[in-house]
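The same chain A turns up in both complexes below, where it pairs with chain B and then with chain C.
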Partner chain A sequence: MTVRDQQKEKNEWTCTRCGIDLELAKVQITYVGCGFTIDALRCPQCHLVLVTEDMAVGKLAEAERVLEDK
Partner chain B sequence: MLDNCIFMKEAEAVGAAPSSLARPGGLYITHRAVEFCGFTAGDRVADIGCGSCGTLEYLMTTRGICGFGLDPAPSRLTTDARGIWRPQVVRGVAEALPFKDSLLDGLFCECVLSLVDDLDAALLEFSRVLKKGGHLIISDLYDRTSTDVSLPDRIYGQSNLQSALSKRGMEQLLDAHRFMLLVWEDYTMALKELAARLILAGCSPDEFWKQGCRDRTPNPLGRSLMSAKLGYCLVIARSHAP
Partner chain C sequence: MDQKELRALEYRCIQEEPPLCTAACPLHIDARGFIGKIATEAWDEAWRILTRNMPVPNILARICDHPCEPVCKRREAGDSIAVSELEKACVSRTNRKVKAPSVPKRKDHIAVVGTGLSSLVAAWDLLFGGHQVTILEAHDRPGDAFLIFPEHLLARSVIEEEIAVIQAMGGELQTNVLMTKKRWLEKLAEDFDAVYVGLDDGTIPDIIPLSQGMVGVEPITLATGIKGVFAGGLGKMRKPFSAIHDAADGRKGATSIDRFVQNVSLTAARENEGPCETRLYTNIENIVAEPVVPKADVEGRYTDEEAIKEARRCIQCECMECVKNCLYLERFRGYPKRYIREIYNNEAILMGSHGQTNRLINSCSLCGLCGVVCPNDISMVDICLEGRRKLVERGKMPPSAHDFALEDMSFNNSERFALTRHEPSMEKSQFFFFPGCQLSGSSPEQVERVYEYLRQRLSGGVGLMLRCCSAPAFWAGREELFRDGIEELREEWKNASRPRMIFACPTCYKVYKEHLPEVEIISLWELLDEIGLSSSPYPSKHITITIHDPCTSRSEQGMQESVRRLLRHLGYTVEEVFLSGLKTECCGYGGLMSAANQPLAREVAKKRADEATSDWVTYCAMCRDTLSKGDKHAAHILDLIFEGSENRSAVGRKVPGYSDRHENRARLKERMLAKVFGEEGKLVEQFEQILLSISSEVRERMEERRILVEDVQRVIYHAERTGERIYNKKTGHWVASFRPRTVTFWVEYTGTPQAYTLYNSYCHRMEIMGESSK
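Moving on, here comes the complex of A and B:
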């Protein structure tokens, strides 16, 4: 993945492999055996998913703390 | 009192649809309890704190059980859109059940006991309305941190969580009211999974639980749901143990 302009909106991300703008989609993730559906940016062609820094240190980290009993 | 299966005249029916069963384990824990208890068509089973009747719908549509619902705020339905199932939902609280003595084969108490003000009064009522050998099914939060029930300011092991019993406290409570403990199963992972699902959906687990508990304030858990080391359990007990 690359970014055209990191200051722009999240949906400005582009998949460098396919050359297509990422789209917001319902994405299935699993963690410690639990399955979840989240909204994330995904390449509509190769389905590669972007996990933004905000998401990684925000909701995902919080959910991880709960699941790991930290 | 309910006269057997007669509708309560105060029953309120507003017509809301059942919720999506957003609770730890979804319907799995209910299903597990039904399988264990062996309820069959025609058995009389009540759901205390029935909320949007998700458990009753399951019991009545899949098992043919004669279901009763009790809720302090019954903004619920008495029939679905197709008129297939028809729970009898009445307003009330666990400490004063509107049922005759020895009426019920089973009694569900899901996510409710940790909110009951007077546990002794509730258990007395559960014992009264259940037939001899009837099943009490409790699924609720419990305090995973507390094993010490010897402190004088703790009743049945209730801790500073204010509401959630410890495992030992639950056992003592049941024993005091002549319930024989048959099943204790831990579903803490289901609680964590629900909390994580809420977080990922942008919701607060604490707020969710508070809303699910009919918006009682202050938060009956006293502090953050997930930081409090709460677990979730299924308890099945038989009434009128010798």
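Moving on, here comes the complex of A and C:
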């Protein structure tokens, strides 16, 4: 899913606890000692992050492979 | 492993040894490669391979006395390959000239005396090396030494053309050179940087008497008594006459001259020049004998069709015994020697930056078949295990390779499954039954039946020990974890008053045998064979069944024989495949291949499953489940013993998924505690009370992604407790995540505590900063 797709979808997602819509944000992720930033939907209040299936099996899986091979 | 041991190990892999033809050739022509190209009708490629190593090919290919042919492996199945005829066919049909090489010209200037074969070869090699060459001929035209060959074999025009090629490369030809003057050769040695004298010219020995200072020739270097003068080529003086040996002299002289002008050692590392020994092994068991292809034109050459047919008879000698029998070795497109280099390449391991090397190390099933079929007993087991241990030691083992299997092991040794009990109402048990985690996960009901049968038939008490033998830690290269596991097993055994252990799983048996030698062990199969299944054999069932020996039973002949006797006793006709017993192959699960490289493991399983024409039977629960996944059926021998063969549904028993295995093990423990040992043992975690409805499609996806039902329960439990969940307005579903240890699980669901519906689940290992974990 592209960032634009996510933006289009962003109003579909609500943080149940805070009752507000998720917004696109820079999110820090780490693996085997390497860290970097990705764009993901996040609750602006409690910072709960949404990882979609597309992200998990696409971008994140690919990055895991690359980092493991490093 | 230090460098010396590494070299010794590498040396044992003989795949890179030359084939017999190349070893016997003084010029080490790649006859195998050349013939292989003709076989595929790639004539240009054939010419390229031939001329890579063959000087003056248009002459030499026509007159070579082919010492390769009498040693050809093909003669053990028909006639030797007609290498010489194939060379003639190639050079005559392509009618090509070798192009001058583009090498930087050197300053030194070499004189080559004579235009016999060795002189032309020396000139050829020197020109290829960038030296400046002047050829000195006593007569008015070069190449008369070749007139001993009949015109139909070697036409005058071919000789002239090949000499013209030498000239085109930059070789200067001087004819009518007066060589009889006193001290002519010494003078020549002073005028040039070095001199090669071709004695095979025939006329030269008369022209330059040995008295001129050439007292004998040093055999390794062809150096003479005059500094800088080298001589070779015996021509007709060699008995029997050998063109290829004259050519080899020319090459040897050129090598010496090259070293001489560069002022480096003339003698160092020359032991591999000329004909040599080879250690290459080629299995010709399945090669059908075929005679040599005859020539229609006896005086002429092979037609293209004849040559191609003859070339196709070549067996392309190589060892590859291990690779031929192992999909893993085949898929990485190499052989042990190459793999050893790759794995032990210090940099690769230090930097840990080679995904391909890591996959090579982690994809081996550690089954050991390679070591059995190797003529030199090289096994990838030790190589890969050591590679895995090094990766773990350096913190470079990819977490995705084995974590799932190790989590499974930890579950099996936790309160959820682990159990050690003496036979009910007994203080001590002479025996303990150790069914293993996979049989308990795959068919727990068989564990119950076997345990009951053993208690009926054995006196002295039979205890029960449910847990994992720690093999996954061993396979994963986790030495510390494995040592701890073994210590726990030892303690359990000691606390149970050192009973005799009975194993249903050949892997558990192997672990105890190799790592707990003080424990007295027996396989369930040998025990059942000994105590019997029934007083008299069952009548024949007229059913043929193919046996698969688990790879960890490889060297357990007694176990293998017992299983066969049990099957015959049950009335089955047992069929063997080629790879069985000592030569059995892995089902694709062993060594955690399936954990580290699932696509390869699936291929291995399919290949193995397809080797049988009937249904399979085996005595490892994992092998049974792996072989059943394709279109073949496989039974565990216990299915046949306890279900009775009339009930053939046992063969098609469903293969449980990862979640089912956990469930099966946990329920087995509970049932055994309640039914057999009379204890209340239900241990249910709060998250396990989450009730779920999961479609078969989602279940399959979870299996593929290695997500367990309990993982999903944990996420929902966490989300419902904390309210940490995201609502999708379009679908009305909740999405939540939880990271119990090293994997974040995501769940898309709806519902109430009475029943939740699961729509999707996925996971990742990447950690999001600030996410929820336990």
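The rule is short, and it goes like this: the second predicted complex is superposed on the first by the 59 of 70 C-alpha atoms of A that agree within 3 Å, B and C clash if a C-alpha of one lies under 4 Å from a C-alpha of the other, contacts with A are read in each partner's own complex, and residues count from 1 in each chain.
We adopt the following convention: a residue touches a chain if its C-beta (ideal position, glycine included) is under 8 Å from a C-beta of that chain, and two chains touch if they have at least 3 such contacts.
The structure displayed is predicted, hence computed values, not measured ones.
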Of chain C and chain B, partner touching more chain A residues:
C
Chain B versus chain C as contact partner of A:51, first or second or both or neither
second
Please indicate which partner A:62 is in contact with in the superposed arrangement: first for chain B, second for chain C, both, or neither.
first
On the A-aligned overlay, A:16 touches which partner chain: chain B = first, chain C = second, or both, or neither?
second
After lining up the shared chain so the two structures overlap, which partner does A:30 touch, if you call chain B first and chain C second: first, second, both or neither?
second
Across the two complexes, find the residues of chain A that touch chain B and also touch chain C.
31, 60, 63, 65, 69
Sort out for me which residues of chain A touch chain C in the complex.
11-17, 22, 27-32, 35, 40, 43, 47-51, 53, 56-57, 60-61, 63-65, 68-70
Show me the residue ranges of chain A that touch chain B in the complex, using the header's touch definition.
31, 34, 36-38, 59-60, 62-63, 65-67, 69
Considering only the defined contacts, which chain C positions touch chain A in the complex?
352-356, 358, 398-400, 722-730, 734-735, 737, 744, 746, 760, 762-771
Please output the residues of chain B touching chain A within their complex, sorted ascending.
189, 192-193, 195-197, 199-200, 202, 205, 226, 229
